[in-house]
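What follows is subunit A paired twice: with subunit B in the first complex and subunit C in the second.
Let's look at the complex of A and B:
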């Protein structure tokens, strides 16, 4: 049997080298752009939006695409990450330290969102399909109206005072982390559990998959990254209000997921990039872009109902072991 | 031979509808038991109770000296009860190899952290699982489809894959739910040989649900006949075949008149 994997370690090594090169190139490029202002501030801003949206799309795709559930309230988790990290930045690190602890602040925002994800997931995964959509929808509304009524975080007026700590290299780094971790998760036994739940939950539980546990863990991971994206967003815009995290935001995330393609990391990256850049390019159209964008989406759904990459994947994001089997 | 499964006074009701009533069973290790009965007689319900999909209303199920009624399906499967489904339930959009690898889920020796960062035991375990899966697929001559998505396979191969997937959970007791469903006489004969072969190869105890008499008569050492949830006959195949109650259930009461 072992001759099957004769050159396996070589392939792993090759992939590792490619990954490191891509990572190093991405980081160097973003650092240079940031340091020497090679690109115009506006283009840098759009690039950062693209990165944040990639993280959001990956996070939602894990639930809606890979697991086949339907969450429509992910902006709620984004809000948790944004508010927690902003509070920390403004209340405790409103000085030079802020810059140093920024990654930790973002991480804490993500972890808090992950825990809120746990609280939402445990009761709501006893139900399926439309019901989960309603639960997450209500969650989104609760978070929004909750925040509107807490004066210590600014209420409906919003919250400001964060320094602009989100820079292109940071966004680049977190995007790399999100892509890497989600890819790892999907290509593990947990990921196979998630996929089998999408295909047939009963059969899945009869194949030793602890469906409840895996669903909760996937949901926590997803909300964690939504929180990270929220924290980055808050420190980029330097102003957050409950309105930034309403249903429109959640819908935007859904559009990016279904545009790029469900159950695909490559699709999430493409979907988020295409949507964000197109939205900026269409800015001269003013209000008409909000007519054109949905129209494009309708056309896409007619001709490519699964999105750009639907259920397919660049082989780079697949497990090395599978690529090896295919070559056999 | 040791007793592997003991069921006492098992009953299950769907809101007043009696699906299984006072079912008793003693299964010895290495036995091949057939459960037959007309459509709707509670055969599949029995499998669903046994694998934990339904919680029985009454009764006890003791599998290898452990009470299992009330346990979760994934726990029961991990204890060593594997099953296939009447209407094939593969993970359609996953590849053949992923279908099989999913069955190793409880058997994977790495934690969530190791999975998230692909560190520690992850690579070794993935290699082991993949090797084991390929080995199993090879035994059933379907290794060449490893990377094909399950819904692109022909019917016969899908049936085979379901058996492979059930075997990958490393069962002691295998439940086959109408494996001959939709097969012609030639294919049934092949299936008969296959079942006898896996029983020996994987040293299994098998419970087979079938309502086609031709398969069970050639295969089973013992038969239980269900009708409307009630056990109406039990015994050797030829005894059961001539039992007037069984004939009545299958062909209608008029046969006696």
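Let's look at the complex of A and C:
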């Protein structure tokens, strides 16, 4: 028995070391690329898009994939993060301090989005079913038309003046944080509760799972990360407008989730990467891109209805105890 | 056998205009097995659902002297009432292991959980063999083992079992009933809803017969087994 537990310890230790190596390598590489401009500016930009989209996809996958609810307006939370952080940067830190407080500004953007998530979640989860879809849909539309009518944030013209503070290392760091936190969340006992809600909500409340509380908390975590992605996006493009966060943006997130596969961290990473890179590769096609992209999706849905990973996971993202049980 | 663990008083359940239970009274002593029998649609499932708070009801239900009215399902279950619902309702996309982990979701006593886990694997060695299998791929009988295993891990003092023998082969029914008796011997009080009246009355201490929403008969299992009405309607002799 003790031998088994030594094995278990070994798996955990090995995994920790691998995680640290990947993290260190990723950060060093991105810092070098950024510092010495090793890669073309355009390629760096695409890499940052990939990172931001991974964060968005993980965020939405937590709700639509792991929890089995259906949010269709996540761009609304992204908008909150983007606008809050941009306002802070432009109004209060439009000087040298801006660069130093940037991580805090992004964090505040995320936290505000998280709170807006709370406001959306509490009434939505009173009733199960399509309710969340309808609420998030209208939320997304309200945010967009609301922003269009507030002149102090530029109204429909949009808002600019942010410095380009989002760099490859920052995106890399936030992506690591998102993967790490969401991985730990879904594998925690809380996360098991999230999965059981997807499987059978009534049965899970019969196992003492406080489904209401879990749903609200998971939704807050999800909107927090959507807000983080929004803040990073705003300080990368240096221009945001209500149109950047419309239903098309929300649909893009849905595509990445279902392309990669629901309920999978590996799937989210793959889905976001494949989609983003493909979109860039197809750029020369101009307007035809918008024809080809849905077509590819249809083909994918026919041959891989569950997405690339669909409910499966790289063992690296699974809790060590599962591997331990399997290997013995 | 002196203390009541559950008191159901004047319980009424309505689904719109349909009345499923009208004024049911039922008391359960600590440590006993109660068999609840009745034809299809008699209201057995509705009664269990009312106890665990899954549906609204009139009248009163008390668990260990405290009313359960207006409590959420997860709160009622946390008090010590475990409900194995009709049709098992295991988490099909999750593994056996994950199902068992979630069953103990609200428990903090890690040593108790460990103990109950080994109890489950002792009762059902098959579950240990299939610990990492996706539970929707288990056979019907194995799924029933998992449902009962989950109930053990939830750790209630009172366990409500809704037709645990449904869809099982005769040998397996025996097996499940044996386990139910063992769980009872380990200290849990049990309400057993069954179509299989004969088997249920054999392991129970007392029984209730429900007919179109009302208690028609109740008494010790010997009395019920010898009652001509029960014999004719539920035992098929």
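Note that the second predicted complex is superposed on the first by the 323 of 328 C-alpha atoms of A that agree within 3 Å, B and C clash if a C-alpha of one lies under 4 Å from a C-alpha of the other, contacts with A are read in each partner's own complex, and residues count from 1 in each chain.
The rule we apply is simple: a residue touches a chain if its C-beta (ideal position, glycine included) is under 8 Å from a C-beta of that chain, and two chains touch if they have at least 3 such contacts.
Here the structure is a predicted model, which means the values were calculated and not measured.
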Touching partner for A:181 - first (subunit B), second (subunit C), both, neither: first
Touching partner for A:210 - first (subunit B), second (subunit C), both, neither: both
Subunit B versus subunit C as contact partner of A:311, first or second or both or neither: both
Dominant toucher of subunit A (residue count), subunit B or subunit C: B
First (subunit B), second (subunit C), both or neither touched by A:287: neither
First (subunit B), second (subunit C), both or neither touched by A:196: both
Partner chain in contact with A:302 - subunit B first, subunit C second, else both or neither: neither
Footprint overlap on subunit A, where subunit B in one structure and subunit C in the other make contact: 189, 192-193, 195-196, 199-200, 202-211, 311, 322, 325-326
Interfacial residue positions of subunit B with respect to subunit A in the complex: 51, 53, 72-74, 77-78, 82-83, 85, 89-95, 97-98, 101-108, 110, 112, 115-118, 122-123, 126-127, 129-131, 134-135, 146-147, 165, 168-169
Contact footprint of subunit B on subunit A as seen in their complex: 1-2, 4-5, 8, 12, 181, 184-185, 187-193, 195-196, 199-200, 202-211, 217, 221, 311, 319, 321-322, 325-326
Subunit C-touching residues of subunit A, taken from the complex the two chains share: 189, 192-193, 195-196, 198-200, 202-212, 311, 322, 325-326
In the complex, subunit C residues that touch subunit A: 52, 54, 72-74, 77-78, 82-83, 85, 89-95, 97-98, 101-107, 131-132, 150, 154
